[in-house]
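Each chain gets a letter, A, B, C, D, E and F, in the order it is written, and its residues are counted from 1.
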């Protein structure tokens, strides 16, 4: 008797809740147009356990001038993060390497060191805040600060990063200034860099103009 | 000449910016009363590089019935996170151990496995979403979902967690139901657990009533 | 003359405003895919006064083990609430009945008692906050707290509820733990409930595994 | 043995959680200065069950020209609502009475009719949305809309209101225009009301100028 | 060698970033249905420099009873503002003219005077805040306040306005009360305006009823 | 009789509203510690009309290397903006001058040209968006984009700016890289600028290291 009532109760509720489930999560339908709050949701019927796991936060390729590699899990390759305000990355820096100056305008980053030694910091016009980190240490780059990191130890260094945005923007200074076609003299005029310096880095980063 | 102008310009700006720095970050003054948006900020003059680093995200003590340990870096021990919407933790689970059923009402959690094998999942009334994870895999527990994890492999398992809140609440089911003084019959009435079961767990978790 | 100018003025304005009306409200088009901020809006041309009223916040069926009934007006049946951050419900509890332990991870609830006597409360690991309420009294369950209510008086009790979310999630503990197919031994391991207790309640709530 | 471990575990946790409790709720300290996100929180040690209940949502005095009365539970008299985004009120309208034209710039209002008949509506420049409501009916006034309600039936009418703001502003048109000292000719110039009309209502509402 | 590595690096990055660009901005696709957070985004491939500029913030037509004109750049005619929380307008007031009483429920307005003299103010039931402004002066109308402005000098006055919403609502009192079909007696009953006054202004603003 | 009732009604209301006024606006008390949502509010009793007006949005000093000047009205000198999400500035650029490369991580900027000709733009790694503007034209720099402007015409150019933040951060690239004490070799390593270039600009902007 009790069981019957409960099952009836359950049936009514499960109907209510299967509808309500749409706000338990909103896995992105990346093919639909984005909106200011994120992507439209995939239908609940098409969601499986696979949607909530990501595979491949492993060491990235460090074969470049900065000698750093990374892999990230953001909305682009992990659509379940849609609307949830968080993403993750793994960073590897070879000995002598660094992470180039960059900023995330809309995300705070936590850098969790797990191997080697990393010196990390961020800049203000009057000072800079910096720290040498060992495994088990964390550094926080507050949202919007221009920041950097260098492998300051011997051997490889590895860290995990957590960002307070599922779709964080990464603004690498060199790419913004030197990888596009903004005329070199305009770059020089508005940064006071020497024109020759601008042209040299434009060549290196694939920009023109 | 140019230099003089620029220094003058710099002086004006640095004045402006030393004031503006208050919104570059807001390191919590934990002794002041909290507000709905977070703690009041420590004065800029008292902020140093040390404020932005945390030491001790290492393996926690697993000497308890669930055989799991954790350490976390949240606003309580890392006040620079104030207002920034992110925190981190390290989880270690001995073989055969688990993380008890719990929820974070105001934080999504990313579980980044770095050692061993962990089976993680979360519950809805009609289904559950679960996955067995290896190093390099991530699982996401969307905000507010009741979730769990078990060490499903051999040997110890380790993971890092990232939470989308600098001051996340952790609601462990057993502690809420069995660690306080809510009368056992009220617990039984509103959960339909047997009274004897309630009393047994109240004894185990230090509750009464 | 004045009238003519004013009508001209009105015409220009009404054009502007008929466009602007889209942000006066955004009645949900429930057939379109949801987004993290809510449903897309129905076209203004299809909105009538009927969209802004709801019919049926009456006593719900109390024929179940907990002896409580409810009806709610949320986005699912009152699409005008889309994006507005509020919803309502009516709760009826027969004598001796209760509202089972549950949580709303993303909504604060006000319980406004209008008939009978209700004892309401919410739990923390170290304490519980609870109060016996009469008509004209309100209790607040802050967002994300595990809470309960019992009819502690004679005869039927009735209350209205207001929730700070148009699409609130209701997480009834028993349904999460016992109405789905999560294996009973996993439930037991991660809650420390006895396996027999888990199986008994799984049978009662329609779960398996 | 198990019990000892669990109690140890509990002790560690309860320490963590007694600190964390500050974000379970933030009962307003109304004597401290407000902030854009709400009042600073009262210390946890001073919070009791009484903080979470309110007494007196009863019929208000209808002895005024509009023949309506109200009582409300907002942050001013129910400080536990701080930061929670919701408040409640009770409205009583005598036969022939009305609620004057007003707006809540920062709160959506649900009007839940429990007795009598109320005709409620809100205005746009091109149309108005209005509905006659009976007990069990709800009307929604979206945030920022100029709205009104009249007792359109026989006898007294009663409704409960829920507002999506713990500290909602109520902007009664007549009080804004006629209860302060803004010079009558300025009111006339910027509303095109006749000067005599302005002066007449200024006298009635206690304004001058 | 270095260059090759850098170009490889650039290629990987530019792939990542061309996807990520979707959150650099979200130019509105005004033909798609709106959502509570704004319009869906136009595809990145269709965005050009033209999207980010607006032409025509010039003097508006002042040929109406209030003798004021305006032009505005909001999401309707400047879709790049979608999701960005800001818009602009230009206001011109002929000598002796005024801006009628109105409110923006969801936007704070800055009024930047560039020519002539403007007296601006906003109302509360107990007082009003008002100031006479010259070129270079700013007045702020906080979100949701009923406000007005008059040309209090000689000759034409001009100001720019900035609003904290890309899709701000403008609620002109006279249009809400007198331009639609809400029955005149209902307006009179809920405002205490004389019925004759209501009918007179209804005629002037094109309303009926 | 009517008048008496209304005055009684007014008295009750004005009491309610004088309390409620705290959320009509929250003028910053700049001497109190900031919080993540803004400054605590000055007491209502100390607020006057002067708080809501600002004086001095005039041409700034252009006597520097970039030949640009500015004045701004932000929370620092216009505390009434606290919590309101908007601020304003005036920009003047001499012929041949420019606004240096900078970013506002937490504010969108509208640039409203009122005199002369300005070419404005912002950068992404793959492209740049730029436009030449005349009086009456607006350009939008979406939040967080690295942007610039040059006087591309003859004679002086003037523009007003509106920013979607009352306390916007301005991150001028040269000041971040060259005005502090971050060691030059670290700047060179993480930007790939030549060391000599770094040292030259450090000398110009007052930095060291």
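Definition applied: a contact is a pair of C-beta atoms (placed from the backbone, for glycine too) under 8 Å apart; a residue touches a chain by one contact, two chains touch by 3 or more.
Just so it is clear, the model here is predicted, and its values are computed rather than measured.
Engineer: What chains, if any, are shared contacts of chain C and chain E?
Structural biologist: A, D
Engineer: To get from chain B to chain C along touching chains, fewest steps?
Structural biologist: Minimum step count, chain B to chain C: 1.
Engineer: I'd like to know which pair from C-E, E-F or B-C copies the A-E interface, where a copy means over half of the contact pairs are the same by residue number.
Structural biologist: C-E
Engineer: If you tally the C-beta contacts, which comes out ahead, B-D or A-F?
Structural biologist: Comparing B-D with A-F, the pair joined by more C-beta contacts is A-F.
Engineer: Could you grab the centroid distance between chain C and chain D? Build each centroid from C-alpha atoms only and quote it in angstrom.
Structural biologist: Spacing between the chain centres: roughly 20 Å.
Engineer: Can you compute the centre-to-centre distance for chain B and chain E, using the mean CA position of each chain? Integer Å is fine.
Structural biologist: Distance between chain centres: 42 Å.
Engineer: Take the average of all CA coordinates in chain A, do the same for chain C, and state the distance between these two points in whole angstrom.
Structural biologist: Taking the mean C-alpha position of each chain, the two centres sit 35 Å apart.
Engineer: Would you please write down the residue numbers of chain F that are in contact with two or more other chains?
Structural biologist: Answer for chain F, listing residues that touch two or more other chains: 10, 13-14, 17, 24, 32, 35-37, 65-66, 106, 121, 124-126, 130, 143-145, 169, 172, 175, 179, 204.
Engineer: Could you run through all the chain pairs that touch each other?
Structural biologist: Chains touch in the following pairs: A-B, A-C, A-E, A-F, B-C, B-D, B-F, C-D, C-E, D-E, D-F, E-F.
Engineer: Residues of chain B touching chain F in their complex?
Structural biologist: So the residues of chain B in touch with chain F come to 2-3, 5-10, 13-14, 16-17, 19-20, 22-24, 26, 29, 32, 35-43, 82-83.
Engineer: Which residues of chain B touch chain A in their complex?
Structural biologist: Its residues touching chain A are 10, 13-14, 17-18, 21, 24-25, 47-58, 73, 78, 80-81, 84-88, 108, 110, 112, 114, 121-122, 124-126, 129-131, 133, 136-145, 160, 162-164.
Engineer: Show me the residue ranges of chain D that touch chain E in the complex, using the header's touch definition.
Structural biologist: Touch list, chain D to chain E: 65-66, 98-101, 103, 105-106, 121, 123-128, 130, 143-146, 148, 150, 169, 171-177, 179-182, 186-187, 189-194, 197, 200-201, 204.
Engineer: Note which residues of chain E are touching chain C in the complex, please.
Structural biologist: Answer in residue numbers: 32-37, 61, 63-66, 74, 76, 106, 167-170, 172, 175, 179, 203-206.
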